[in-house]
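Two complexes are shown next, each including chain A; its partner changes from chain B in the first to chain C in the second.
Up next, the complex of A and B:
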């Protein structure tokens, strides 16, 4: 169905790349939480990169729900970075006065992975 | 279309953006209208459970895209308070109405306690 988002985990070295495509629905986030936390428990990872370049609309509530997944991964010892937030999404969240102080962000997946690997 | 899950609320925001694009609005305007639509539909799901959203393009100069989101939920007891920034109940994000209003060029709200809420937003810039 059109409008159905999905996320498939990809392993890049010691990090997990999570490309998020389409709308950030409850089902998408529930599946993501299950898959990501399961992966962290089994394989471990020092970093998690959420690639949000495929998300064109995200309201304040979606963003707050995303934070719960990020917080859970952080509690499991991973450093989480959000990348690829679209200009419309970024501008919208600011205008909505959403809480935007929590995430670590980077412009591209490459720069996020480099940052996670450290100097 | 009917709003009854986050999946069709998400679809509503995509439709809003498509309408904005079809009306010839700038991509930034389309994104703002889509985000505002998403906020209103999220409110419907949170407070009323289900509702409806309708879209239309007015062939005016400049063209104007209108989105109406309505429900037969509990309504808003104090609209003035709901339109004030940083009003939240029970530690939630609140209704997000002031932010939604800032995202669009026109914002009309009618609500009656116990009867429901009707919001019409429009974008023409």
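Up next, the complex of A and C:
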């Protein structure tokens, strides 16, 4: 269970790329938070990019859980950007009236990294 | 099986069908008289609809021979799959021709009266008459339900097809340049349409990798709180995917309404005309706008 659905952190310059695959379970997010915060504490990073293109289903609750991870990383000084949210997921969250005003978003990983490295 | 389901719903026993068959043997010789009386009634009852349904003698004759066939089948009372299929065919035909189901049911009600009263054979005992009427009435009700059910399904299908086509037609999303999409919304933006538009908008954003999406609302008939909320939701949905929505075509009147109604448009980017929207979009994509 640990291997499946686990996010592996990738270092890109001064930023950390977090590809998220499969269903956003509580376990996945807990593991992710531990790994990411550990990494930020050890190596530091100016930016974190969550790549959510591999997530097909996410409800308002999952999204609120994700926010906690993002907020924690922000507290450690990183700017967090979400990319690759699937159209179905976005439409679902809007229809569910989820709180979706909080995240910084970008269209692609490239544009997110560029934005983080920009002025 | 559909025939079993209908027989259960209308509580039609084998005995009822047997009763219908036995009675049928006695009344089918009067088929000609039946058709004549029924059409005399229809001409009177349908008034101007009669000529709409039966515009020429050819059509009338086809309808009459179809009715004969249907009633011969009815009195055989087989109620097998073939029978159900033939009734579904009747329902589908009526739906295709957009015949009023009220007219069909009226004809069935009158037919029931003709068969069990006007054309009833002599020499039936009161008891025979009673059980016959109960059986025939049940089977006619079942048949009517089957035809109207099919009619309703087919009509719903037709409406679904049309509304799907309408959604596609009413959301002509155009790619203006690399990363910039535009959709003019024309007419009324109700919640159903808003959802359709949003779905198509979001999937196009993902497919075309759009950085900016121009939503032109100069053709929207009425902008009220509900419409403004739909626009805000669309904007949020797109933003979640990393795309910025620019609402263009905000007329002076619309701007006034929004202010008057106290609608909080939040971070929604709006412009008065398309030209300014394009400038904003090109700035987002890093393209210099031609002036």
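As a working rule, the second predicted complex is superposed on the first by the 114 of 119 C-alpha atoms of A that agree within 3 Å, B and C clash if a C-alpha of one lies under 4 Å from a C-alpha of the other, contacts with A are read in each partner's own complex, and residues count from 1 in each chain.
Quick note on the criterion: a residue touches a chain if its C-beta (ideal position, glycine included) is under 8 Å from a C-beta of that chain, and two chains touch if they have at least 3 such contacts.
Not measured: the values here are computed from a predicted model.
Upon superposition of the two complexes on chain A, no clash is found between chain B and chain C, which fit side by side. Of the two partner chains placed by the overlay, neither chain B nor chain C lies in contact with A:71.
In the superposition on chain A, no contact is made by A:110 with either chain B or chain C. Legend: residue contacts after superposition of the two complexes on their common chain; A:86 is shown touching both chain B and chain C. Looking at the shared chain after the overlay, A:95 reaches both chain B and chain C. Which of chain B and chain C touches more residues of chain A is settled by the count: it is B. Taking every C-alpha atom of chain B against every C-alpha atom of chain C, the smallest gap after superposition is 7 Å. In the superposition on the C-alpha atoms of chain A, the part of chain A touched by chain B in one complex and by chain C in the other spans residues 86-88, 91, 95.
Chain C meets chain A in the complex at residues 195, 198-199, 202-203, 205-206, 209-211, 233-234, 236-243, 266. Residues of chain B touching chain A in their complex: 5-11, 13-14, 17, 27-28, 30-32, 34-35, 38-39, 42, 46, 85-86, 93, 96, 98-100, 102-103.
Of all residues in chain A, only 1-5, 22-27, 56-62, 64, 86-89, 91-92, 95-98 touch chain B in the complex they form. By the touch rule above, chain A contacts chain C in their complex via residues 82-83, 85-88, 90-91, 93-95, 100-101, 103, 105-108, 111-112.
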